[in-house]
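Each chain gets a letter, A, B, C and D, in the order it is written, and its residues are counted from 1.
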């Protein structure tokens, strides 16, 4: 009996575990992502940024470099099955990124992230990316008509984030010209702290410094121009310490990657 | 006093009326729309279609011609102000269209429509378009990566409609080639029955046959191919009578128009 | 042919019209409502209130009397069919009420209203009630445990309204004792301006001053105490002119009514 | 410098980690829950139930015992702060429970669970409870009027679950009389498999059999009567194997508990 039970033990890449494994909320990696990005480079107080970096990471060459990133994504697993359900393969995202360095390698730290659906949220936690649920909207370029900018042309793009019914971030990017290089913080590896809250008292706390392993990175045309950015955090929130002290350029571009796994870094583990 | 009161009477294009008029939920026309459309031509039982046509409309030359239309829109009023808020200027839509004729002029009748936000819903009722709230999703073409078709290339597009937590429609369009003409039912005027439910017992019922007056119609590239379409209406619902008896081609295209007003037609008025 | 077509003309209490009439989004009245209310009496600048009153209404005996009302409702048509679907029979609502008078009869004017679903929104417009979509939450009394006040006991109730991802109203009511009378503005008839935006250029504008005809009004126990209220309207919005200049008592009570029709009042019609 | 950095390392009970720890999405336990429950006892094929039990659990004395549970909750942390925000302290839930046994102790296994907001979803994963996002609605008892049953009286309660825009479960409970005992599966400990998906290739898979430690359990009046239950799972889904083969009684009751931690059980760990 127990032998039989072992062979049929409920399993899966994630919860829910089930007899066939197909109930798993999350499909196993790799995951393919195709996205449209509206991004604003900005600067924060370097001391504030440093307080968000765990041991093992330092501010690097450009202390205070930061970015706000709005993106709308389509994603699929290796067999592409999710694409048949746009409701399930689409999501929107807002990130804050901080420039940092690990062992001399430039990286980006994501102290805050929001997405609009549950699967990418949990998938974020698997990686150590602190995704919460929010409502994210960004301008779509439109092929015809008066209601939106044209793709691959100068134009205005807006983005907003609301969380729990309150506005948290708003950005405007007015792209003027095509540039040859994507913004730096979208080209370096992300480094996360993978952790899972304690529940069983005797278990040790677990935190791992992990960078994301991606392949098949692809950028479309990168358009750049002026930008504006506001963060409406409550003054008591740690988020408020990452408000802009200076706003740089804005960017609009297509971006794709395939996300495979996490690579354990030295540091707090 | 009453003179003063008259000059300051609350007003607006729509409810809510307010002292300045700016509280109006709906801005006055014209309204500009830029959209991305996934559309399936199909055929219904001509008798069923006829039962959805009010006096003044007949089936015309192609009885039983129908279409299912998924669209995602950006819109703005004449000053374009809404574009600064993508949350408010974007919506998604699903329509059923039936081919018909008024006084020898080919038109399209929309017996059912759903959108995902309140402003376009009310704006539909202003026109006589029977918009309700639903959840509509359709595949986005993506510029890079593995998660979605490329714009202006062969590829697969899916669309779904859910209403009150139940799936109502699902379509798949696999476009193969660019064609020179858009699908007929997206090129003829829409004809609606403008009506407002009775509330004050003594008022007469009001129904007007009205066609929509649009300008600045623009089509992007039209791509066509095979299609599939399912309607999951409860068998007791009138919607079930409009289920496909034959499925035609599928189309993907960009479309824009400016919507100005309604034109009263002869008929039941 | 036309005879046949007449007998089968699509019909319904509201759009969508259909062969059987069952596609109508709105069922014909009467409609039964059972609700739980959290309400704050407050005062606005009487001049600001006057600017929201159409000809035919005056401020009455208590100029500047106002209320903010949070409610969660269950509703059904005369056959009660909707109750089998809690998803469709439940909604939440936030109203602002202004004290006023018509022909010496005390009434309440509702300059702004939000609900969280489409059917009550459209039903509001049928009556002339300016309902828009928002996200409304209010504390539930709970029968057991630490997470909420007990029904029919002193306790704290909070309410919030968010619209388009921004917070618009927040209230706190700390009830201390049962009182014998419900708050006045919840006991007088509502008076609305029934209007429908113009669409066909030649049609005359229509506005009717209409009071709501209700029966079977029922109040449960009324509990009262201290209150707080904030409106976060943009200073440029007309709504900002209705911000509290003084905050009165707060109330929590159950309330029911049956809504039948509108009664045309003299005035701007 | 590194000393300083250590003392200010970002921290928190959960992601997001931040300098003060207050950005944590999840507050540390204990968590207080007050709820209203609509529950249906039913039976599944015992072999199907067994296939959902991990090593360490067996079917116990009543193989095939199952329940479907709809609940609406208010919750707060130990300081009760969340209660000031009903938007954040309320959620709805649907569970399936299977009767089982560990070391001779009757327990309940939850193979599937859905909630309507993100914090209880992540909190479920912390415990090993496989919560996903869904839309859950259940009838509210109302104190007055025609639109709903009265609390503590015979009446009808309905519940529905939709996931990704499709209906997944629907139940009807018609309570007739007050009973002295709550349904068994709501009185035994829940036993979960706490696991976290693999991300760093070299880390070992982790699964722990954990029961939930609760105190301050409180039941209000328990009312019971007839019930109906449908699960609309796709036949290929593992969920379909847990469809009812027999439907028992339905129950309506208030329930509260305080949830503290997980207790590691022998078994697959």
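FYI, contacts are C-beta pairs under 8 Å (C-beta built on N, C-alpha and C of every residue); 3 or more make two chains touch, one makes a residue touch a chain.
Remember, predicted model here, so these are calculated numbers, not experimental data.
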Chain located farthest away, centre of chain B as origin (C-alpha): D
Chain centre separation in whole Å, for chain B relative to chain A (CA means): 35
Computed distance of Cα centres, chain C from chain A, in Å: 41
Centre-to-centre distance between chain C and chain B (centres being mean Cα positions), rounded to whole Å: 29
Multi-chain contact residues (two or more partners), chain A: 85, 87, 135, 160, 162, 165
Pairwise touch network: line, ring, star, complete, or other: complete
Contact footprint of chain B on chain A as seen in their complex: 32-36, 72-76, 80, 83-87, 89-90, 135, 137-140, 142-148, 151, 156, 158-160, 162, 172, 216, 218-220, 254-258
Residues on chain D engaged by chain A in the complex (per definition of touch): 2, 5-6, 8-10, 13-20, 22-23, 25-26, 29, 50-55, 85, 87-88, 111-113, 117-118, 121-122, 125-133, 164-165, 193-203, 208, 210, 236-239, 241, 261-264, 268
Complex contacts: residues of chain D adjacent to chain B: 135, 160, 162, 165-167
